[in-house]
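Next up, some structures in structure tokens.
In what comes next, chain A is part of two complexes: it sits with chain B in the first one and with chain C in the second one.
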Partner chain A sequence: MTSSFAERRPASLVAGVRAVINKDLLLEWRSRARVNATIFFAFLTLLLFLFAVGPDTHIMAQSAAGYLWLAVLLSSVLSLGESFRMEAENAALEGLRLLPVDPKAMFLGKAIANTLFLFLLAVILVPVTVAMCGVEVQGSLMHGVAILFLGAAAISAPGTLYAAIASQVRARDVLLPLLLFPVLIPAIIGAVKATKLLFAGDPMGDLGRWTALLIFFNATYWLLCLLLFGRVVEE
Partner chain B sequence: MTLPSSSMVVQLNNVSKRYGRRWALVQLTFAIPEKSSVLLTGGNGAGKTTLLRMLATSLKSTRGEVRIFDKLSGVDNDLIRPRLALVTHDSHLYDDLSAEENLSLVGHFLPWVDMRRMGDILERVGLAPRRASAVRGFSAGMRRRLCMGRMLLVEPELVLLDEPFGQLDPPGVALVEEIIREVQQKQVTLVMSTHDVERGEALCDHHLHLKSGRVLRAVEPLGEPGEATRIAQELEARGGWH
Partner chain C sequence: MKRAIDFGLPLLAIAGIVVGEIMGLWIAPAERHMGDVYRIIYVHVPAAWVALLSFLIAAAASFTFLFKTSWAADALAEAAGELGVLFGTVAYILGAIWGKGTWGVWWTPDPKLTAMAILVFGFAGYIALRNLTEEPERRAAWSAVVAIILAAGIPIVWFAVRWWGGLHQNQSTRDSMNAFMGATLGINVLAFTLLFVWFLRMRYRVAKAKIDEELSEPPEQELA
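The block that comes next holds the complex of A and B.
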């Protein structure tokens, strides 16, 4: 034996989180076809909303923020489900549990990797939305990045928890949106309102309130999901 | 002879496990002495896999108490899990990662593992030429070899093997036998389920037989060659517990 069993302590939380993020991003990179399909699905969703509204540029510009976040939300169901499909295949999640990997590291690693992917998706969709809806962006780039990141993080925290729950049942594809969408209503309202103010301007100074709502939602759900994740992944 | 609890690696006290309405394990009570090799036999659906996953702390018992290394399963899992390895039908591998990347993951999560041994281990299990290939292209036998390699890398104190010879070609079977003997020389406790009772008997010194989730032969030392095969056949032929 190379080490006594008293010395056998798992990796620190930070090292564990880093290892999970690296693993998930590597797996996403290896399955680029699935990632591309998710991005294409988001574009298609955006296009369908625009076709449904018709050629009225005023309505399109007014509703652009809503189309953007609905496209991100609907695509998130695919990417969140996929992140746990990889874990369900060959019972890899059981393997991680038995190594053992701290469930907190598992949750944080997967939720951060999901946030990064959804943030990237939102960043790709913004110029397309702006161009197609004829929006003249009034807000600053820094505010825009912050809102997109907070919105992506708000979807990812409960999304990661519910994707873990849904991955354990047969009707996982149906269950995930049923669980996730009602919970995300405040976050989506906050993200849409804040993005709308960034697009159309913020003469009344309301952006801070919607940003605060997103920060509060994130703080609550990241903490809650972090505490609950261990119970979900253990039998 | 009753051994003191400290020399028992596994202790089950009146343990039952229920899936929905079906009882997979019913009131199991037995102990496994340290450094012993236990052959776990039983027909399909006898509860062998459920028992092994319970010993690995992956499943919780519905009733009763499971102690591994004198620690309570479900409570002290963080203390138990670093000391055991489970090799089962599910490979616990990521199909989109290579053999090397799958083993490297272990090193990222378990800092005590000496990753310099990885090359030798891949060589040992015959996967060195395919070290950079994605596991998705591996046959079932190759996956089993990689799982055995991961077990060697972790150097556990308790090894749980579920049908270790399944899906292997003759050289693969010989390799697994060799690895099991190597592990036994390191004074590791082994629990192995197999339908190949003769082969398992040659490797083990104790026998545990399950039928319909009940223990028909508790962990008892094996005597003359062929004893486990004969007893398993007799117990299966006997009526009841269906």
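The block that comes next holds the complex of A and C.
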């Protein structure tokens, strides 16, 4: 017996990715709890860094790029963990696995949604950082947007994969940063360096090199995590 | 044959280390610029080399596991990952002491140091993940994914830190190293490698026995 149901082909990759992105963004929008809490956490982190350094505006302006990315990185652990915690609840992950959707679509959808969220967070944090640290921005807006986006994407690719692993393990809150931070060190170096050059000016023309490093990091990890994700969520 | 290796390997390794360290500490001449501090390379370099070898084995074994579910490869990856963290930490502490003696700082953003730090911390996470996951299939697949991702990052780390460190000098002592120093270092590297192979064999057996036991256990009865 061949029913129309059995003949239906699995959804295409693009359709699957869009469905997962829509699902995640809709869930965020409906509650807005994660977005609000994470943004305030990021502000708070930024504030704590400034207290830790003291009132020297010169040092604050010099290290502003570092504080910005550390605030994004620390907040990312919360938001990445949350993005899979909701899948672990009510066995939603099992449900996703049963759908005729490639795990690759699940990875891309989740990772793109996480990238968009972290990018938004970084965009909100930049003016606050600039104002609080007394930075006079020298670089162009377009380049700034590109660096923020590349940095957010660099955190999201391994972040999504590791959050998927950590969500299924005991002590996931400790495990996620322990797995994620070592891998992200080169990306953080690249993002901080590039942002610093945008803040303070780039007399030596080094910006292209750090942008290239971020692009290379993204290309490597998006591809690698895409290929490996199936092994992480399979039964 | 197996018993001969079990008995001979540690004997050879310990004898090599004793001979190598006596040569390094008393017979080899002091280095022209660094004086006696340089002698730490006779333990630091072998430990760093063994750590790197160990991480390489862990990554290769993980790769093998993902392609054909081999429990021997999983056990080997577990053993090599742990030994890498052990030897990497030893190399790190010794390197810091050497750094303080020669460059005047405990730590510096050097590509080798940062890459090793990432590997040691990354594989510490790998061990934590293995300890926290009970199911053998999941533990093996997840930790293999983590090991491969760590190994893939090394070239990126290298370039990132090279550019970051700017004009960092290359710590080459080749011009000031005579043939006797080279031979002493060679003996120590060889002895450490033998010691590592001995450790790896023992740790592998423990890991393999544990996995075999887990796999042979009947599935748990669900409570009614």
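In this section, the second predicted complex is superposed on the first by the 230 of 235 C-alpha atoms of A that agree within 3 Å, B and C clash if a C-alpha of one lies under 4 Å from a C-alpha of the other, contacts with A are read in each partner's own complex, and residues count from 1 in each chain.
As a convention for this text, contacts are C-beta pairs under 8 Å (C-beta built on N, C-alpha and C of every residue); 3 or more make two chains touch, one makes a residue touch a chain.
Only a predicted model underlies this, so the values are computations on that prediction, with no experimental measurement involved.
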Once chain A of both complexes is superposed, is A:Val130 in touch with chain B (first), chain C (second), both, or neither?
neither
In the superposed arrangement, does A:Asn22 touch chain B (first), chain C (second), both or neither?
first
Tell me the contact category for A:Met86 with respect to chain B and chain C: first, second, both or neither.
first
Touched partner set for A:Leu179, first chain B, second chain C, both or neither:
second
Looking at A:Ala61 after the superposition, I want to know if it touches chain B, chain C, both of them or none. Which is it: first, second, both, neither?
neither
Across the two complexes, find the residues of chain A that touch chain B and also touch chain C.
234
The residues of chain A that touch chain C in their complex are 158, 161-162, 165, 168-171, 174-175, 178-179, 181-183, 185-186, 189-190, 193, 206, 209-210, 213, 216-217, 220-221, 224-225, 228, 231-232, 234
Interfacial residue positions of chain C with respect to chain A in the complex
66, 114, 117-119, 121-122, 124-126, 128-129, 132-133, 138, 141-142, 144-146, 148-150, 152-153, 156-157, 159-161, 163-164
Chain B-facing residues of chain A, complex:
1-3, 5, 7-11, 15-16, 19, 22-23, 26-27, 30-31, 86, 89-92, 94-101, 234-235
With touch defined as at the start, can you tell me which chain B residues reach chain A in the complex?
56-60, 77-78, 81-86, 90-97, 101, 105-106, 108-114, 134, 155, 157, 186
